[in-house]
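Next come two complexes built around subunit A: one with subunit B, the other with subunit C.
Moving on to the complex of A and B:
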């Protein structure tokens, strides 16, 4: 019996082909567009988060108490080197870097700008966040007077590879010192703070310039997926400030939340409208065949079999729409992931906001599972009203009725 | 044909109600969303123009690209005389910008120090409004310094404290002086508040040897929509190939582009809703038409042409759309108008997005009749497009065949 109902449901689903195809087209177009938009927006946020982690904050960062408020080199971690060694031995910690940082004025012969000088160890940074991947121009070289600067800062100062810079700041004794630097590389990290104001130099050189000790650091950045590590480190280093990525970058957290809300609301609205579309088609499809259902009831077929047939019809339409939408969506998402949308014409604006000129999407399995559940639910719900109409049918009246 | 369409609308209630509701919802969504997007962009721009940037700024050529004292404007007075002749110019003021080192006690920092005409800046910018402590500058303020809240925090200074300044004068000579903290401002633009300080020009010119010299001249126009026209007039009047007069569109190119990108993404998101709604309206139109094939066949048999059939379908969707839009437009228009006067406030938004130049927690809407008109036109257009496929579907039947259709 079930086999027969399945066969009837399948055939009836495509009885009015144009109508069914329109619904399938509606589901597939709206679903693929929705997946594309969700993938693109998530991709933008994830890209920012990934690069901010790699270039600056890591999954966790440790600072001296008050540094993040005062931004003064007085507030530095004194035994940073030993903490780094301890952390590196811990399971789940993938990489640790020490950075030293000071704010000051960077000048060329004609231009000046506020900037932060950041002392880094290139090998550690490469392990930590593949620093060389941020390079846009020049080379990754901090030897001699070499400096690598953010792309927006380079634009502000109008400097090229080989240009000379002078960085002035206070050292730990309060004296104003200046150092001459030569631009060896320009990086685009998409981390707005670094792109607009970072001058990277060799860490040891900056220690000497600022008068800090080699085992001191302003920041210890940690790359680790271990969710318990934050609490462990907070307990272990109560005199220091241990923060996770989202605490350090609340704006990115908010952006992520906003994307989630936006995608959720879009999803609900689109699925609501899709539901109205399926409902219309199923309702009319059943009204068209009301005499047929009357006869089926009249010859003794139980209502539950008719109900099953109608539900299956609706599910077949929804499933066909879902499959075509998923195929279109996958193609669109793969394109967006691999090639992205080229916004080179707006590269200045995007760089200002920390985005790359080509915005790439991402693909999550949850896009497809959530949409599957939503479309199947919409298909199931869309037959409730038509089914109620059939349940109230008097078979004799329906059979007698004019077509 | 019109009354025939009206009767059909009343007869096929299901399709009519669905089309009406969906058109109503899409119109409200579209108008309000575009209004919010345009309003927030206008607000960003106006806030930026209010704080420090001018609608038009006049520079010596290459000052912005190369910089340096040789690219300062050397004859400010004659330019100002010319500017006073331009009808659309409301106000103008010259500024002398330099970078120097400020120190107080053990704390030092680099800062942008600007010589300004306090009275004029009061009308041109939000500098006076942004005062949070002490007093705003006035003519003859001598060595008084008006500093950003970030600078005050960094140097740990309060009103009355004396700050030492070291910098370079307009003739490249070395200058040093003692300034007294006179007032503290906070505009909300974090980078500006963390780095900018101001001194009255009458004093600063003596120190920097910059009398009749300026980094640039900032101009406020009477009507921002006429900025290009006014700028052309200024360029014509200046008639100096060593000077360049630039509007905010060039000065704030990144911000203009940001708004364009934001609009593109906004329209991409909106298109999703409009496409889905378009499909549903088309499906309901198609279902309606496919249940009326016999009726259309009979109409064709009694002499109605294909054009008449199209007109009938057109009138049906036109009437339904018009009713929905007549109801939706005033509601959406009122929402836009209300929120253009009483902006939505999201507490903490400016603080959260300060790095991106967001200086206000308010999101005002834009109320623009032209924008609302094209929004409505687009909804009309989409609804009319939705009858194309049903129309071709009907015409795929021959008249006799259609009149016998079951």
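Moving on to the complex of A and C:
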């Protein structure tokens, strides 16, 4: 019996071909657009998270207690080098970098700005976060007086490659010292803090300048997918502060949540469209065939079989829409992932928020599973009203009407 | 056996336009009868046929099918009764447009849970009797009116119901096809022993049946 009902449902789904195709088109276009928007939203956020991790926080960071509040170099990790070596031996830890930092004033002959000077090891940073990929102008060179600065800071100071800078800050003894630097490179990390206020120099040079020891660090950044590592390190180093990237970058957490809401709203709108579309088609289709259903009831077909047929018809329309929408969506998402959307005209505004001018999308399996569940649910729900019409149908009324 | 006792049916009861469609009808139809309800348009013959077929309710009186009282059945029980005991042939054929002739004929049998092999065998048997065995794979829209009506008859008879109710089965057919249909239904009546009740004002049907029950303004003229 089910086979016969399945066949009737399938054939009836496409009996009015142009009408069904119109709904399928509506579902597939709205679904693919929704997938594209979700991919772009997530792509924007994931891109920011990725670059923030690579340029600054890692998956986890370790600081001396109180450093993040006081921002004073007296709160530094004294045995940082040995911790780094220990961490590098752990399974699941991909890379570890040590950084030394100090806040101060960076000046040119005409301009000055608050900034942080960050001492880095270029080889370590390359392994940790492919630092060279952030380079926008100049070269990655910290030799001699070489410095690499954030792109927005370069704009504020109106400096170019080769420009000279003076960075002034307090060393560990409290003395204010200055060092002359030469801009060798300008980086765009999309991490607002670094782009607007970071001056990168060689780590050993900064140690000497600040008077700190080479095995000390302000930050130990760790790249690791191990979800348990945070708790392990917290337990192991109770005198230090161990944080994951979302704790260190609460703005990113907020952005993630916001994008989740955006995606949810887009999702709800599309599902509403699907629901109304299928409801319209099923309702008209049932009105068209009301006599057929009346006769079926008349000759002894129980309502449950008619209900099953209608539900299957609706699911077939939804499924066809879903499949075509998924195909369109995959094509769109692959394009967005590989080429992105060029928003160069708004690059300044986007940079202020830490976005690149070309926004690339991402693809997640969950887009397709969630959409499948939602479209199938919308398809099922959309037949409730038409089914109520059939439920109330008295076969005799249909039979009388035909005479 | 079909037995009606003081059956009354009203339409628009309590309204100014109230119609007393069946007036105190009492009659008995034996098994295997080939019977016609005849009368002018609006006399109540279709209403009577629908009441016997458990398609329509009555306001008073009782209807028995083989000692089983059917007027007090629930909607679901009436549907089951129609499925298992009664075959219907409608004026407008009412075949399922997306199913082939073979599937249409076997449709009621499928609903009743017959096996595929039983259905296939019976469909061939009935289709051959009604001379539509060469159309089994066709869809209804590809058939002539006469052929569609024969498929409708085949569908009604295939599951071997006790009674077949045929409401104006010849109304959309020309005289040649009408005669052919009546001959075939007579053959089914004899071969299968099924009671067939017609509602029609077609003279050809009147000439073909064993018994004619006349109605006038909802009342029996003779039984």
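Criterion: the second predicted complex is superposed on the first by the 397 of 403 C-alpha atoms of A that agree within 3 Å, B and C clash if a C-alpha of one lies under 4 Å from a C-alpha of the other, contacts with A are read in each partner's own complex, and residues count from 1 in each chain.
Quick note on the criterion: a residue touches a chain if its C-beta (ideal position, glycine included) is under 8 Å from a C-beta of that chain, and two chains touch if they have at least 3 such contacts.
Predicted, not measured: the structure shown is a model, and the values here were computed from it.
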Query = subunit A superposed: clash or fit between subunit B and subunit C?
reply = fit
Message = One more residue to check, A:85. First (subunit B), second (subunit C), both or neither?
response = neither
Message = Just checking: does A:298 make contact with subunit B only, subunit C only, both, or neither of them? Give me first, second, both or neither.
response = second
Task = Mind working out whether A:30 is in touch with subunit B, subunit C, both or neither, as first, second, both or neither?
result = first
Task = Could you look at A:396 and tell me whether it touches subunit B, subunit C, both or neither (first, second, both, neither)?
result = second
Task = Using the touch definition from the top, say if A:130 reaches subunit B (first), subunit C (second), both or neither.
result = neither
Query = Given the touch rule stated above, what does A:350 touch, subunit B (first), subunit C (second), both, or neither?
reply = first
Message = So in the superposed three-chain picture, is A:1 touching just subunit B, just subunit C, both, or none of them (first/second/both/neither)?
response = second
Query = Which holds for A:11: it touches subunit B only (first), subunit C only (second), both, or neither?
reply = second
First (subunit B), second (subunit C), both or neither touched by A:280 = first
Request  = Mind computing the angle subunit B to subunit A to subunit C from the CA centres, in steps of 10 degrees?
outcome  = 100
Query = In the superposed arrangement, does subunit B or subunit C reach more residues of subunit A?
reply = B
Overlay on chain A, subunit C to subunit B nearest C-alpha distance, Å = 15
Message = Quick check on my understanding: which residues of subunit A belong to both its subunit B contact set and its subunit C contact set?
response = 403
Request  = Could you please specify the touching residues of subunit C with respect to subunit A in the complex?
outcome  = 46, 50, 55-56, 76, 79-84, 86, 88, 90-92, 94, 96-99, 103, 107-108, 110-111, 113, 155, 167-168
Note = The residues of subunit A that touch subunit B in their complex are 16, 18-19, 22-23, 25-26, 29-30, 33-34, 37, 71, 103-105, 107, 109-112, 114, 158, 168, 170, 174, 176, 192-193, 250-251, 254, 262, 266, 269-270, 273-274, 276-277, 280-281, 283-284, 288, 343, 345-346, 348-353, 403
Key: Touching residues on subunit A, where the partner in the complex is subunit C   = 1, 4, 7-8, 11-12, 15, 291-292, 295-303, 305, 395-396, 399-400, 402-403
Message = If we count contacts the way the header does, which residues on subunit B are in touch with subunit A in the complex?
response = 14, 18, 22, 65-68, 99, 101, 103, 106-110, 154, 191, 194-195, 253-258, 260-261, 264, 268-269, 271-273, 275-277, 279-280, 282-284, 286-287, 290-291, 352-353, 355-356, 389, 393, 406
